[in-house]
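Letters A, B, C and D name the chains as they come in the text, with residue numbers starting at 1 for each one.
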Amino acid sequence: MKTLVALCGSDSDDVHLSSVMLQTAEQVGAGIASRGAILVCGGRGGVMEAACRGAKNRQGVTLGLLPESKQEANQFVDLPVPTGLGMRRNLLVVSAADVVIAIGGRWGTLSEICYAVIFGKPVVLVVGTGGVVDELASGFLMKNSRGFLYVASSADEAVQKAFSLVKS
Amino acid sequence: MKTLVALCGSDSDDVHLSSVMLQTAEQVGAGIASRGAILVCGGRGGVMEAACRGAKNRQGVTLGLLPESKQEANQFVDLPVPTGLGMRRNLLVVSAADVVIAIGGRWGTLSEICYAVIFGKPVVLVVGTGGVVDELASGFLMKNSRGFLYVASSADEAVQKAFSLVKS
Amino acid sequence: MKTLVALCGSDSDDVHLSSVMLQTAEQVGAGIASRGAILVCGGRGGVMEAACRGAKNRQGVTLGLLPESKQEANQFVDLPVPTGLGMRRNLLVVSAADVVIAIGGRWGTLSEICYAVIFGKPVVLVVGTGGVVDELASGFLMKNSRGFLYVASSADEAVQKAFSLVKS
Amino acid sequence: MKTLVALCGSDSDDVHLSSVMLQTAEQVGAGIASRGAILVCGGRGGVMEAACRGAKNRQGVTLGLLPESKQEANQFVDLPVPTGLGMRRNLLVVSAADVVIAIGGRWGTLSEICYAVIFGKPVVLVVGTGGVVDELASGFLMKNSRGFLYVASSADEAVQKAFSLVKS
């Protein structure tokens, strides 16, 4: 059975979207695909699109759980799944995943991290990518993360960490 | 973008599960895969498993939207997506699909047909497969189906009909 | 703890909406309130509004689980709860209820009956009110209702039956 | 139409649960009821139970959106609504509310705050109550709260602020 790795991060409308976020996401997507796992995400733009592009560059499979319709999917989503749940679909991204990797992000990304911790799924925060990820990594709540939050300082380290958590 | 076809029908615990249901499901799954579309279903046993087997025999891709965990998936599911929603995940199978094909079935299948009609998605009922499908096809509610219920008398006809409805 | 009784039936846009549906709903709402229980429904017009009016005439409490916003509630809803789930909120009406009473209805009502049976909650069909209720009562699926479908031939009998099922 | 105010905070299993959390919650519940609004929450113990007790002391109405069953409700919940969604029901608490008041809290409370901001609903953080509320108020994310996060330094100020936000 395939491993599903969720990638969480901002859509293209985040004014703080940066090159480091996008490059990191693309490398994470490539790393997930290289290991034969499925990339699952919210299927839209920004960090999600970069990750999907990275996965497709390595012949990976990408699953996009979309708010309302297939038309919302970025062009690198193989399986566009409209949920009809709007932003509530974030919960499904977490439910679908064996492990979560988070990059930068805002309230939506934070909601996904919250639910991963609540559901007891490991989350790897890629530090240095800004947004809520760096705020969490710099101390906020980390002391009470129930053992589910991890940090990595690069895309490659994040992917390696994520797969080690799934296997353990 | 890939077309997603939902296949609805009974799990392995349906005491009315029959050879005609299973053979029809396998042929429908094969037909979906042959046309390059994705088979989406509830990912469990019975009719769902037969359809997934049919799709895999043709090198198709199968997406299983599962009640709670990956362990529930049948062995022919490529992408096992636990939803955490229990039987409520039926709604997601319908939301994910461009068109629905229904075989036999009980209350769960009927709930999916209801939601397809509510959401305005076409449903092809494969008549002769028993269960709620034959009851619906024999008159119940058909007169008030809002134009979304269709019938087919074989697996091949159902697949052909389904794809013609997506394209139109 | 209060008993919650769900009332399922058509919104005001059902062209088959009839006096018998509305009068029955109003009497059912009154009966639920008279017994000190809470009426829960989809909170909109038609049969739902009639039931809420009946409950308020007896100083009952009405809970409306709405598709998107409070503005959708009929004027007899005390507690308007927007769910953001659109028509998927039907599932919540069933989850919230101890017992379900169904009047007339279309696909939405049928989806609620399906989920009640799936969840193992008793449903009382008020026969003679048309719609899916009469179709179900006239034979469709009744033979395979898993023991959860009951019939009543009047509003009063339905309420009496519903409360006997909750207590048992 | 009634105003619904959500109260978010920890269940009884939070080892950081404190007198200040519980007393603040009880006062907030009383304040909500005194103004004729409905208290909506997750319906369980800890901060939720304290708020419900406060509301009932002022003859208020309390709505509890529960994970799975009515048996989970605290004794001060008037309307126990099982959702069948587990911890995912947090989203419904937010969807149901006109405004949110948060006290102390952990990942569940944070998930509710995230969704309030995502949905554009105002949140009043009662500072001095610990948990995620104090962490948020001390800077985390406040700079990017999209205008939906407010602070109050007492229960009374929080209630006053909440009602001013609903009216505006």
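Here is the rule we use: contacts are C-beta pairs under 8 Å (C-beta built on N, C-alpha and C of every residue); 3 or more make two chains touch, one makes a residue touch a chain.
Predicted model, so just to flag it, every value in this text is computed and none were measured.
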Which listed pair, B-C, B-D or A-B, duplicates the contacts of A-D in over half of its pairs: B-C
Comparison of A-C and B-C (more C-beta pairs in contact): B-C
Between subunit A and subunit C, centroid-to-centroid distance (C-alpha), Å: 41
Where subunit B and subunit C are represented by their mean Cα positions, the distance between them in whole Å: 29
Contacts with 2+ other chains: residues of subunit A: 84-85, 88, 91, 119
In the complex with subunit B, residue positions of subunit C that touch it: 16, 87-88, 91, 106-108, 110-111, 114-115, 117-119, 132, 135, 140-141, 144, 146
In the complex, subunit D residues that touch subunit C: 1-2, 4, 38, 40, 61, 63, 70, 73, 77-85, 91-92, 95-96, 98, 119
Interfacial residue positions of subunit A with respect to subunit C in the complex: 84-86, 88
